[in-house]
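In the two complexes below, subunit A is the common chain; its partner is subunit B in one and subunit C in the other.
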Partner chain A sequence: MANVVQAKNAAGSDDPILQYVTFRLADETYGINVIQVQEVLRYTEIAPVPGAPSYVLGIINLRGNVVTVIDTRQRFGLMTAETTDSTRIVIIEVDQQVVGIMVDSVSEVVYLRQSEIETTPNVGNEESAKFIQGVCNKNNQLLILVELNKLMSDEEWAEVAAL
Partner chain B sequence: MAHDSQDLSPQEAIEGYLEALLQDVSEYDEPEVIAEPAIKSHAEATVSAGSPEIAAGFRAESITGDVDTGSSETSVPEEVPARVFAPPSAREYAREVAAEIRQRHKVTESQEPKPVETVFQDTPPVVMPELKVAEPQVDVQIAEENSDLPTAAPQVDVQVAEVETREVEIEVSEPVASVATEVSEEPQELDQPAVSLESKENEGWSNGRPDWAQGRFECLLFVVKGLKLAVPLAELGGIHKLEKEPTPLFGQPGWFLGIVRTNNMNIGLVDTAQWVMPEHINDKHKPDFGFAIRIHDSEWGLACHTVAEAISLDPDEVRWRTSLGRRPWLAGTVVDHMCALIDVAAFARLLDSDKVPVDLQALMADEE
Partner chain C sequence: MSFEVDQDILQDFLIEAGEILELLSEQLVDLEQSPDDPDLLNAIFRGFHTVKGGAGFLQLTPLVDCCHVAENVFDTLRKHQRTVTPELMDTVLSALDTVNEMFDEVRAGQMPENADPELILQLEFFAKPEAETEDAAPEVEAAVSEPEPEPAQPVEPPISAVQDAEGDITDAEFESLLDALHDGGAPTAASPVADSTPAEPKAPLADTASGGDDITEDEFEALLDQLHGSGKPPAPAVEESKPEAPVAAGGDDLITDDEFEALLDQLHGKSSSPTQPDLSKDGAKKPEKSAEQAPKKVAAAPKPAAPAKPPAPAAEKKVAPKKETAPAAETTVRVDTSRLDDIMNMVGELVLVRNRLVRLGGQSSDSEVAKAVSNLDVVTADLQTSVMKTRMQPIKKVFGRFPRVVRDLSRKLKKEINLRLIGEDTDLDKNLVEALADPLIHLVRNAVDHGIENPDDREQKGKPRVGEVVLSAEQEGDHILLTISDDGAGMNPQVLRNKAVEKGRLDQDAADRLTDQEAFNLIFAAGLSTKEEISDVSGRGVGMDVVKTKISQLNGTINVWSEEGKGSKIIIKVPLTLAIMPTLMVMLGQQTFALPLVNVNEIFQLDISRANIVDGQEVLVIREKTLPLFYLKEWLVQGSDVSRELKNAHVVVVSVGTQKVGFVVDQLIGQEEVVIKPLGEMLHGTPGMAGATITGDGRIALILDIPGVLKHYAKSAR
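Showing the complex of A and B:
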């Protein structure tokens, strides 16, 4: 897989090809950079943590490591929903911190050229508006790319690390 | 032979004559029986059954013939012709009788079959009425014609209905008139002191009107929530039909409906109703727009319900705004068409600036 990506990157170095893991959330498709994705888990029991921020669902035990799971819907300002068989926990690594984000379902890995990513009008004053890296039209469907580095502020990252 | 008859006694001659007569009779009767058995039997049956007088005459004549021939005793040569002619007479009579029988038989047959023929002749007329069952088909065709006529009538009604719908469209314009009156009052409000959206000067304006309105200009009319608006064609980027729901982006204000992909470009769809009439927006408001009017050289699109016709305006027909006010997107009002003319460029600049309000209703409430 890495060879394929390298070959594609070598074909057009000015326009690198990026890989994004797509997931569904509230009937919309989002994408996160595959480099930041460690693994995808089925929904398991999440242990709530007293005194945790509202956007934290709790913690899970991942092969002996404690991983904080973030409520992505709450973070994006979307309505809450019940978990289903398709619910997944995507383990991501941001700023050397490993957290899990709960999504409705995980779809696929798509290849995108850097030039295909278009900026979006940013007219919102909410913090969540900064999470959107851009949009891309893929397979006649608009893919919303999420910038995980801006998913939480430095204070929030510190707060999550303290759990 | 004559010499021999002269030597015979009268008694022998009579006996020889009788024997010859019997032979002749037997000779003449047998061929008739063999030759015309059906006729003879039919004649006898007919005679015996239907005409006893003819049978009696036939018998009496044959007897008298025998007596006559028997009474001529003077010369045998005279008796021979008499003996010879006697059977033909019977034969002729029998033929005549047979002919009569045949004629009567024909008559009876002609009489008897006639009813049959008349029956057969009558039956075709009986059958013909059955064939005249096709007449109902003619009636049915007439009925079809009649059915066609009523069907043609609804077409006329439909045309009338179209005219009525046009009237309804005219009636729809009435509420616009009432709303337009509200818009006509707005320039007075625009004269009021500035708000947070006000800019210091009108960009792209000269002589108190936009640059595209220095002369006669064309405008496109569209309707948003019953309110008729106009955009200049000079600043119109395109009209796109919204065939699917826009893709919403989280963290955006309520008037930003999302992104619409059309003509290989993304358009940020603006809920125009929330901008032009925030006071009429409540929780029941549904952004069920049908079209997006894209602003020229911009990635913004104004959502609207219907797109109306294009009109040509003279700058003097427009009551131009005197200052930006709290509605910098309003270029002026057109009283003749009861619509508000949008300054599309100012609208786009407002959306792209960081001064764009998030909650328009709260903004209006604060200003009031």
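Showing the complex of A and C:
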């Protein structure tokens, strides 16, 4: 996969093509850089951890490893929803930490040119804005690119909670 | 100052040299017991030599210097030119300490500091044959006294030149430096050659140097080393001249014999000209001779085979054991522990899959399937034990350092102590071996400092002058028992009680009620030392509580037994491995939780409607003892409420320290050995959670840290 990316990078030298995994949450489509995605799991039972931060749903057993699952809806300031057949846990790796994020559904992998990505419109202090890297308008659909590092750090969260 | 080297090579060096250094400390202490053992002397010599070689390759000059002189000492020893004395041992051991310190610095990515020049001088003194240091001393003086005022001068300029060159010295320059020194030493020779005009003896040297260009210096050195056996590979960098500088400076006005010799030794010993080893060898041993013979020897140098004359027997001796050990070394492979952990993890998964299969196999009536499944069952179990075994290490790794600790301490405290080690080959988990090192050192130091009395006191009490400290390890079921016992003074429980009262730990009544056993356990309380004087050995009263905490972290227990006048015994019980923990599995609502079995005391089935409320806290009276009662489910499962009218509630009694509390749980599943999985970074430090584990059916169970649970929830409940 990395080879493909590199090949494409070489083609459009200063406008690299990036791959994003898109997922849906409420009515929006979000994207995460494919390099950070390890795998996508169907919903499995999540064991809640007493005393954990509220945005942590709990832990799951990923082939013998314990992986923390984050409630993305809560993190983005959305209402909690029932789990459905299409609910997925996306396992991502950020800063050598492996965590799962729960999403409504995972759609596809899209190719974006760097130049197509726009910076976020400044919408003030909305909670979700904290975790947004940029947006992209593709085929008349708005794709929100997520900054995963921020999703996982507590500082941002504390800031939001303080407002 | 940090340094740049190939990390792989550095890591290999650190691992290999680390092992050798550990071994060396053992061997050195053994040497004191049997000072004439030639095998031991050779082994120690080789140890220093190997470390030096590796350090030389990595250009860790200070380390090379220190090892080099230590190596010289043992070269002298094994040639029976000197005997082992306690003074010599002290010096060599402190050299080993210095090497260890440098080694730690290297590990931290720092260029080590130069060794204390004092120490190097001492070592150099011991490196000389005994006869020479006594008889030859005047001779040397005679030889040196004449040129005394002069040599200081010629010596200096080349050195500063070397320093300026910053290690970038050419062979020719270096030779001129050497010559300058020789000339200084032998006043008959020509005046110091600061220019590059090659003097007569130098010519052949220069030839070899240029002629041997295709062979690298290192290779050549290695070759020479093998030939000489005595291994005096000239250290690689010329930065070495730095330590010499102060000596030279000191000698500026009046150079003493010792200093002058040291200077010569250092320069000879470290000369990086590969053609010089015979010279440097002689130089180290007999500086006064080498000075005279210099021209001759130098002329002979180009033929490396020739100088093998004197050290030849040594060379043979050295090469032979090397050959023996070589095949043995090849049977082992170094594996990163994280890789072992991965394997362990996967085996754990395999076990779970097997369990599921076994369950399914039991349901089907196909005998073929059942057979295959039972086969799988056996193989997986074997695999699991084998993988576990790969992580095991003999406790020798920890025990090995105690002879040294005891020796140093007893010399320092002027006590006579014999350390006996039992069960050194007991295997236990690698992590555990490392984690036990500190607590054990503490306890052994305590036994030596507090336990064993002075030899005179012992005689008065009718005991043998030599005290004994016994350190033993044995496996007992799935536990390891470690005992540290001494035949010293023992402890007086009354003194401990008084001390506790004095320090405000307990009031008089409480102290009086303590049983002797409980009183002994007071030594684990922080800030309680009965030693009136604080020494750097012990007495600050911080040690024992650290020991206790450390042992509890390892899921172990520690107990003290003592009898005044007879001695004390400390018994530590730790599980065989840290990775697996025996737990009691309980259900709270739909979730499984694991309580570490070390904390669990007993299990009751009780009518909790009988619980009383004392001061807002529910309590149960069990066997006339009151027990605070907590509802774990209310703490750990959100939005749950437990009926207080249960007629048949399960109560798990756990102990935390000396305190006991009861936990009400929904269901008891049973005892299970679980593999502890750490919670991820995000959840690390969640109060009350020690980790998680995966149960037989693939679900997750949280492992509770009971002291943490109580601390966090019992407070917020009130």
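Simple rule for what comes next: the second predicted complex is superposed on the first by the 146 of 163 C-alpha atoms of A that agree within 3 Å, B and C clash if a C-alpha of one lies under 4 Å from a C-alpha of the other, contacts with A are read in each partner's own complex, and residues count from 1 in each chain.
In the analysis below, a contact is a pair of C-beta atoms (placed from the backbone, for glycine too) under 8 Å apart; a residue touches a chain by one contact, two chains touch by 3 or more.
As the structure is a computational prediction, the values presented were derived from the model and not from experiment.
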Clash or fit, subunit B versus subunit C on superposed subunit A: fit
Which of subunit B and subunit C A:G51 touches, first, second, both or neither: second
Which of subunit B and subunit C A:Q97 touches, first, second, both or neither: second
Touched partner set for A:V109, first subunit B, second subunit C, both or neither: neither
Touched partner set for A:F131, first subunit B, second subunit C, both or neither: first
Partner chain in contact with A:I35 - subunit B first, subunit C second, else both or neither: neither
Partner chain(s) touched by A:V67 [first = subunit B, second = subunit C, both, neither]: second
Subunit B versus subunit C as contact partner of A:L78, first or second or both or neither: first
Shortest CA-CA distance between subunit B and subunit C [superposed frame, angstrom]: 22
Those residues of subunit A which subunit B touches in one complex and subunit C touches in the other: none
Residues of subunit A that touch subunit B when the two form their complex: 28, 76-78, 118, 120-121, 123-132, 135, 137, 140, 142, 144
Residues on subunit B engaged by subunit A in the complex (per definition of touch): 247-253, 256, 259, 261, 266, 268, 299-300, 351-352, 356, 358
In the complex with subunit C, residue positions of subunit A that touch it: 45, 47-53, 56, 59-61, 63-68, 70, 97-99, 152
Parts of subunit C lying in touch with subunit A, wherever the complex brings them together: 345-346, 348-349, 352, 591, 635-638, 677-683, 686-689, 691-692, 694, 698-702, 712
